[in-house]
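Next come two complexes built around subunit A: one with subunit B, the other with subunit C.
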Partner chain A sequence: MKLVSRLRVLLAALLFSLAGHAAAQNNLEINTPAISALQKSMQQRHAQLAPLYASGALGLARDGTVALRDASSVPLAQRGQINALVSAENADRAALYREIARANGRPEWEADVRATFAQRWIDRAQKGWWVQGAGGWVQK
Partner chain B sequence: MATATCPPASSRPDFFRFVACCLAALALLSAAGGAAARALVLDFERLEHPAFVVHDLELTLEEGGAAARLRIGALEAGGRRIEGLRLQCPRFRLDADQLQCAGGRLDVAGLSGVAVELDARLAARSGTLRLELGDGEALRLNAAADGVLRAELRGVEVARLGALAPLLAGWQPAGRIDGQVEHRGARAAGRSRFDLNWREGGFSSTDGLQAAEGIALRLHGQVDGRAGGWDWQAALEWSAGEAYLHPLYLTAGPRAQLRGRLAGERLRIDEATLELDGVERVAGQGEYDLAAGRLHSGGFGIARADLAVVGPRYLAPLLAPAQAEGLRFAGHVSAGLRVEDGRLAELDAAFEQAGIGLEGGELAFGPVDGALPWRAEQATEAVLSVGGGRWQKLALGAFDLHARLHGPQVAVERVRIPLLDGALVFDDLHLRHGADGWHGSGGAVVEPISMPLLTEAVGLPPMAGVLSASLPGMQVSPGEIVLDGALVISVFGGYLQATELRVLEPFGVASHLYADIDARNLDLAQLTDTFSFGSISGQVDVGLRGLELARWKPVRFDARVASSPGRYPRRISQRAVQNIGALGGAGAVAAIQRSLLGFFESFGYREIGISCVLRDGVCLMGGLEGAGGAGGGYALVRGGGIPALNVIGYNRRVDWFELVDRLQRVTESNASPVVR
Partner chain C sequence: MHSAPRLALCAMLLAITSACVTINIYFPAAAAEKAADRIIDEVWQLRDNAGQPARPEGAAQ
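The block that comes next holds the complex of A and B.
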């Protein structure tokens, strides 16, 4: 299916680029300018998010969002800033899922795109990161 | 060893009858004298005192009554139940007037090795119990003959409360408490006064979303037992520390006065007033369900909150956390809220010279005056008077907004926002807020705006003409605004029409706009003069299909510029020829009769035709249909008349950003073109 194959390439491109693999950049040509803008925004934010995933403050939720799951390790005064960071990331993610569905000419597939991404974010999460399964939060 | 059982629970013996029983037992012990009776065990099923009830008490008197061990199954006091209490008294004394336990040790759930000193005067029905809990921690309880109970706390660790009260255990309470509590009268009809200071305090929920650190807080007030419940009043002063109550970060300063009633699991707040920085007055009342841990019903009012203070602290994190740091507030708001069954049921807000905007001034509204009433289950009307606003470089004029609100729905019959000498008008707007965002429909009209004013406002070269739009079928869904209709600009003697307008992700980094643009009979003399492109007389039609703008910059389109049909003068200046050539890149143009260029200022032409298909930053160029040049070139200008000149392009793939850069340089440069 066109969507599936496109999604696979997009996912690989996004995930690899987030992980810092420059080799995957070439695959980004198939992105729309909006997807590229979102990806760039998310990449820039990832440097701030990565240590928070590692500390367990943030986790990858099963609905394709990032969740503030345990803020205890973060100084109180910064918890609000992290909430703002999470909100911005989730706004980008929601836009990304919509854009990918639109780019495929099937805006009604947004929920499927979201579910596919949610699972991939969780599958590709680094060791030690927290991910949300059907039974709750687990550490990879 | 002998065992004695004092009267059972049904006889409701009081505390002093227990003591009398013990005395009798002690007398028995002394009378028995022999080694076999040096220890005596007393069992009580239930003991009552105005301030406490004891269940399953076992007292073992040893060494002829000079030492004692006490085990209590359960102790009920102050509405709490403590189980498994053990007390050892190595120096014990009990006679007709005195009960003493010196050098004692108490063990109870969460507390072990507590040093105990007890000295009770039985005849006076008074006594003092002193507990040394640990490092600098002490609790002194004093019972007076008139039934008054006093407790003095010194450095008591709050963490102990977590062990004693399971409800608090999940909150990791920390810090120490100093202060006094005094209780007077019968258990259910007495009065308690308290004055407690919590220092170095803190707590944290398991997810860290509700937490506080370094807290210094004073709580003082009184509680009166009445009709099966407790009437209470309290004052709270928060003088140090910080807290994060998701999503709000708070610092010390607030002071509160509260009064209400506690009955069962319902905590009623009849009146609460709060002193908060940036707010003239906050007052509220409500009913809190302790069992469910939620506000059952309640309401509070805020008088004249300074938005510059409360906006960034409280409103931005609640209403727009992703943009919280970029929002700017001004003016004042007063508000009233009502919560029913844990849900917001009513909100009334009154704005006074209020303003909100994004940092950098991209979008701003204000000053706003007016009232915004909202009911979950009832229709209301908001009337706001907006003094003006700003969108990008455009200043918006003053307008009034009448909106009908009903639960998650907003309807605006008509709002007219002045813009330069025209206006932006929205008709029949119907919006509904769902779980995923806003959905709705409406119509928009742009009343004629003169182009000279518009171009001046946005910093473009001055253009004559008028912009107007009729977009009757506007559809709004999360991340998308579709504008069915046309935006028309009469400009350069012709007109330009934009249709199929769609704005996607309008509020994020991926904001982009789609449109189809058709322009007819644009006067090239005006156009080229406006952009200092040289001079061309004639007319062109422009088609821009599938235009996509990302952050106002074109990223995709199929464009075609061609001479308009009809009879009109067609001349092109030497400089314009050079500039058209420059669009194709250096050395990309071959001019037939090149040598003529140096001799004439202008040339006749029959047709102009340029096309560009923009994809991935590359413009695929083309020229007049069916008029290719030698060597794979394409004709951009076909000559005609005398002297005539053909302009041929050779580069078919041109980097878009380079092209824009060249265009900018061409139009900004006043230097004469160099003819080679």
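The block that comes next holds the complex of A and C.
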């Protein structure tokens, strides 16, 4: 009798700890003013970036950034403007990865957050866009 | 007689502590993926345009 009740208590404790564990890992905090601002800025820039992804001038790189893949597909006069767009986008992305890690109290997670995003940008890229795989650039 | 509640308390504390340590050490990959998808939806406007794609897939080239 005593052993049964002890086992029951142990089982309850185990289930309790597992439930707490699952709840804590269920979501990452992304609703902070800094993250929202970065998201908005990237969303606005996307209108200019989308045609460049489609033309192959820009590609989604393995490190979670946007890269100038084929400069020759862009008229010389526009290259400066595109370089500025790419730098601005990559600055926002770097800040986004850092902010997500910080918002969750784990600044050391920044590289993991970046790697996760890199994979998801690539997985979710539209057909025709260029993405960087282990063996180089491929068109989706 | 007193040992059962004490054992239960010990087990519970141990379980909670080990759960906390796990959370602190390991990167929550699944949660991060979910968070990434939510942000990508917003940035690329995938949810809003889902019903009416701007251009049909495979139309270019």
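As a working rule, the second predicted complex is superposed on the first by the 110 of 140 C-alpha atoms of A that agree within 3 Å, B and C clash if a C-alpha of one lies under 4 Å from a C-alpha of the other, contacts with A are read in each partner's own complex, and residues count from 1 in each chain.
Definition applied: a residue touches a chain if its C-beta (ideal position, glycine included) is under 8 Å from a C-beta of that chain, and two chains touch if they have at least 3 such contacts.
Bear in mind the structure is a predicted one, so any value in this text is a computation, not a measurement.
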{"item": "Which of subunit B and subunit C A:Ala37 touches, first, second, both or neither", "value": "first"}
{"item": "Partner chain(s) touched by A:Lys127 [first = subunit B, second = subunit C, both, neither]", "value": "second"}
{"item": "A:Ala88 touches, of subunit B and subunit C: first, second, both or neither?", "value": "first"}
{"item": "Which superposed partner A:Arg69 touches (first subunit B, second subunit C, both, neither)", "value": "first"}
{"item": "Touching partner for A:Arg79 - first (subunit B), second (subunit C), both, neither", "value": "first"}
{"item": "Touching partner for A:Arg98 - first (subunit B), second (subunit C), both, neither", "value": "first"}
{"item": "Shared subunit A surface residues [contacts with subunit B and with subunit C]", "value": "35, 96"}
{"item": "Parts of subunit A lying in touch with subunit C, wherever the complex brings them together", "value": "2, 5-6, 9-10, 13-14, 16-18, 20-21, 24-28, 30, 35, 39, 42-43, 46, 54, 96, 100, 106, 109, 112-113, 116-117, 119-121, 124, 126-128"}
{"item": "Residue ranges of subunit A touching subunit B (in the complex, touch as defined)", "value": "29, 33-35, 37-38, 40-41, 57, 68-74, 76-77, 79-81, 83-84, 86-88, 90-92, 94-96, 98-99, 102"}
{"item": "Residues of subunit C defined as touching subunit A within the complex", "value": "4, 7-8, 11-12, 14-16, 18-19, 22-23, 27-40, 42-46, 57-58, 60-61"}
{"item": "Subunit A partner contacts - residues on subunit B that touch it in the complex", "value": "204, 206-209, 211-213, 242-244, 246-249, 317, 321-322, 324-325, 478-480, 504-505, 507-510, 512, 548, 550-551, 555-556, 616"}
